[in-house]
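A, B and C label the chains in the order they appear, each numbered from 1.
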Amino acid sequence: MADERNQTQEDILLDIQDLHVKYNTSDAVCYAVNGLNIQVKRGEVFGLVGETGAGKTTTALSILRLLPQRIGEIPQGKILFEGQDVVQMSEDQMRELRGSHISMIFQDPMTSLNPVLTVGDQIAEAIETHHQSMSKEEVQAKVDHVLKLVGIPPARKYEYPHQFSGGMKQRVVIAMALVCEPRLLIADEPTTALDVTVQNQVLDMMSNLKEELNTSMILITHDLGIVCQMCDHVAIMYAGKVIEQGTVYDIFDQSKPHHPYTIGLFGSLPSLQSDSKRLKPVMGLMPDPTDLPPGCEFHPRCGSCTETCKLKAPGVFQDGETHMIRCHLFSK
Amino acid sequence: MKNRTLALILALAMMAGMLAGCGNSSNDATGGGDSIIVGISDDATAMDPLSINDTNTMSILSNIYEPLVRVNNKNEIIPGLAEKWSVSDDGLEYTFTIRKGVKFHNGEDVTLEDVKWSIEAQVASSYTGPYISCVDHVEIVDDSNIKIVLSYPYAPFLTLCGTYTYVMKESFYGEGGNMAQQPIGCGPYEFVSWAANDKIVLKAYPDYFGGAAKITNLTFKIISNQTSAAISLEAGDIDMYLNVAETDVATLKSNSNIVVDEKPSSAFYYLGLNTEDEILSNEKVRQAIAKAIDRDSMVVGVLDGYAQATRSFIPEGLPGYKADFDPLPYHVDDAKALLAEAGYPNGLDLVITVPESRSAHAQMVQADLKKIGINLTINMRETGAFWDDLENGEYQIMMMGWSYVVMDNDVGYYSLYQSKEVVSGNYPRLNDARVDELLQKGRESSDPAERDAIYGEMEEIVMTSGAYIPLYWRYSIIAYNSKIQNVTNSPCGFYFVYDYSWAA
Amino acid sequence: MHKFILKRILMMIPVLLGISVIIYTIISLTPGNPGRLILGERASAEAVEAMNESLGYYDPLPVKYFNYMKNLLRGDLGTSWRSGVSVIESIGERFPTTLLLATMDIVLTAVMSIPLGVLVAVKKESLLDNIMTVVALVFTAMPSFWLGMLMMLVFALSLNLLPATGSESFAHFILPALTMSLLSVAQIMRMTRSSMLEVIRQDYIRTARAKGVSEQKIIWRHAVRNALLPVITTMGNNFGWTLGGSVITETVFGMSGIGTLLLTAVRSKDVPLVMGCVLFMSFTFSVVTLLVDISYGIIDPRIKAEYGGRKG
């Protein structure tokens, strides 16, 4: 029993416990993440799904502690990466972590690359930052290698970002993120800005690279097809909380109970067989994060709303070992 | 609020810095030796005496070129290139005995032909010609004498010879010569270099006939901003400044290492009233205006007191000068009465035309005339346009400055009063037969008592007419290192550095 | 790129031609006759007329302009009416002073204002930011002649460190250049600050942070180069202007540059000299803006690509 438990602890790469994030702007305080709990295991792909404003990107930025300076704040919670609390780390420790152990791919490849530096320089910079003893030749060899990995001829490293197409740019961004072989890759909607055909190429490449480098991945996306295709675990976020979480099979299994928001999101009952389906818009709007409703945050938009929902925050309903739902419908 | 406090603190800090600057003035002037740097406010126009006529340039050139005679700072004629001279009884022939063995800076001899050619050239030049138009011709008498024959007797001629008889050589103007940029003369200083609007460098001519100058290196440095020049003088960048601003006098005076010399110059300022104007042709109107002008207030208000109010164009010491001369005394009620007599009991509208630089003066005049019911409009003109207006008679009242090039009544204002000189001085178009007659007599007479009477009478006529309303004599303010000796504030703006030396 | 430069150089021709027409017309139509201004108030009417005649003052405007341009095309800018000195020579004599002054000004401005602008952008809304804003505003609000005098009083008179006036040595240029740059430091610093704040918000800065790049490298390697474009435009324009001479600074510090040359030329209605100065100033200004445009390409490869694109 003790051995098994240790084994599980070892397996968990990232453990976010009761994470709260708020943005202190001059007008109001915005509660972006409100008690988030997720665990990412080694080698797995963890999908983070939700509408815009659900707190997905905030969560990702919190892991790297890249929240906007002076505005973003983590008042409560832990982010344990390999057992160490990222929230408590010094800025120097964080810099060591970023790019080498945890990397991030941002949403828009068009704007993620510095227009005035060559592509090769930008990739090399990631290596130089974390391997200062490496010679110039070694760095360049590594740049060439990673470019090959993402399917770009190394000769193009002397070119500037504007000379690349959107898909190629995203490959560069991925190369940059993977060049130090991080243990965790956070991909924030990596394909949203790309053409559909290019999307699949990039995703395939990411899957292969992940396998090759044994990297865990947090995949933030809107696209249920991608979730279905890539993810092992899925968490559905609403107003800064995980409202349903489970393996990809738990979430996509229509025979299982689901949160009303999940159902709304999927439009019909979700199915593993269905082809890529975008999230269906749910009636109503995401609540104002500066003025969250009392009780269950989803109640103003919920078809099954009761009086309890308006007053009391729902507890966790555990449906089996892996599937969790946060809704009053199931907690009697 | 926070920002404002900060701004205040900073401003105070700067003021403190400035005050510290004023109080603690150090001085390490080039201080003695054989060099002197003279600050001047305007660059020379050219180095060739035949193509200049502004006082500033002439003053610089007086160090390079030698005239037949020089005028010293007591207004006396002393020998120059001519050792001695004589005048015929009819005042028409001036004979000069030229020094022998004098050489130009380039080593060539000064010959009588050179003297003759030079004087003829200066008469012919449209720059200098107007001042010595009395010269009829020049003759070489023998191997040491030269005779200048005038077409009419002209009393100020010798004085003018101090400025308009520089001696050059004709060949200097020929092929390969560049007198405008690289002058050659036979005066106490030879030319070294001229960086336009920056500095003019001269060095003592070792073979000057009067002996080499005590100051070996003479630099004229052009600093047009007067306050900058004052600071430079205090900081020791320059040793002398010839155009000190009124506002800098107090600061400079508080510095014991610096001498400030201020006195009325030969430049006078006046209001000119167009006698051919429909309204101003009435003498009573002009007199009323003259009686309404409060000169003393103007001197204090516009010039900080650095000027001397005057009722006449004759400075003390010249023929015709009367200490208490005041034919149209300041009196507002009398002025009003005169205006009523002239047919304007309810006042009238007039226009004053001035160049931009004199707007403050014009406003004072405007205020004065308002008191007698004249509504004066100020018409500000660019300098060139201003002169066009004056020449064309397209003005009612104007303000103008004039100066004595040399201290002589005739040179001072012949062209102001002479009825034929409407485009070169007599802008009010004064046309008085008696004045013309007196002008002629004055320029031909060399008897001091006679001239005293002539110019006294003339001044009475002119100043009673109200065509000219004298305002003030401008001050000439110079400042220099107290160790420089023999500096004199020249009313006409001529500075002859040969006289100067450093105290041991 | 070469075609672009060539095209820009060709474009200068109509610009300079236009300027020459405008300036020649304006200066010719202003009242005041040059003969009188040159010969002084006592010269006779005949002498003034003869002088004007010899200067071609009485010719009709188109004839005068045509003659001027004919000589100009032969490379002859004429001689000053007042001093008789060749206009090219006059300009050539003064340009080194103006060039050195303008260069020192721009270098000092860049050295002071860009690091400061970056610093206050990084320390946005800190005490330092506020202090620098106020200091900058104070300097901007100062009239240049007053600041010049102040510098002279402090550094030349009180501390006796530097010469007050003149342009003989390098030391003479320090105070005027410092005065000029202090006046523009505020502008450039504020511009750098806002441009930096804009750039720091960009995604690629976040990307660099996510790579673990140090804050210093992020600012100097990633942000500043991108933030400099608008700053360089403004500084380039300022440089173009100061190459045309800065009348006030030159006057205050008793320096002999293009600014005072033009000023005296305008005052004495010295047409060839005014024309020469203005055309020279327009020319240098055009050259400087061209250089600024070329420097864009060096800083931002996207713009270089754009020039290249125009080839076709």
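In the analysis below, contacts are C-beta pairs under 8 Å (C-beta built on N, C-alpha and C of every residue); 3 or more make two chains touch, one makes a residue touch a chain.
Every value quoted in this text rests on a predicted model; they were computed, and no experiment measured them.
Among the other chains, the CA centroid farthest from that of subunit B is the one of A.
If each chain is reduced to the average of its C-alpha atoms, the one that sits nearest the average of all protein C-alpha atoms is C. Centre-to-centre, using mean CA coordinates, subunit A is 53 Å away from subunit C. Subunit B and subunit C have centres, each the mean of its CA atoms, that are 37 Å apart. For the pair subunit A and subunit B, the distance between mean C-alpha positions equals 88 Å. Within the complex formed with subunit C, the subunit A residues making contact are 64, 66, 94-100, 103-104, 106, 108, 111-117, 125-126, 129-130, 160, 162-163, 173, 176-177.
For subunit B in complex with subunit C, the touching residues are 2-3, 6-7, 10-11, 14, 17-18, 20-22, 24-26, 28, 43, 45-46, 51, 53-54, 126-127, 129-131, 180-181, 195-199, 221-225, 227-229, 231-232, 234-235, 237-238, 381-388, 391, 402, 415, 423-425. Of all residues in subunit C, those touching subunit B in their complex are 30-33, 36-37, 39-45, 47-48, 50-51, 82-85, 90, 93-94, 97, 130-131, 133-135, 137-138, 145, 148-150, 152-154, 156-158, 160, 163-168, 251-256, 260-261, 264, 267, 269. Of all residues in subunit C, only 202-204, 206-214, 217, 221-222, 225-226, 299-302, 305 touch subunit A in the complex they form.
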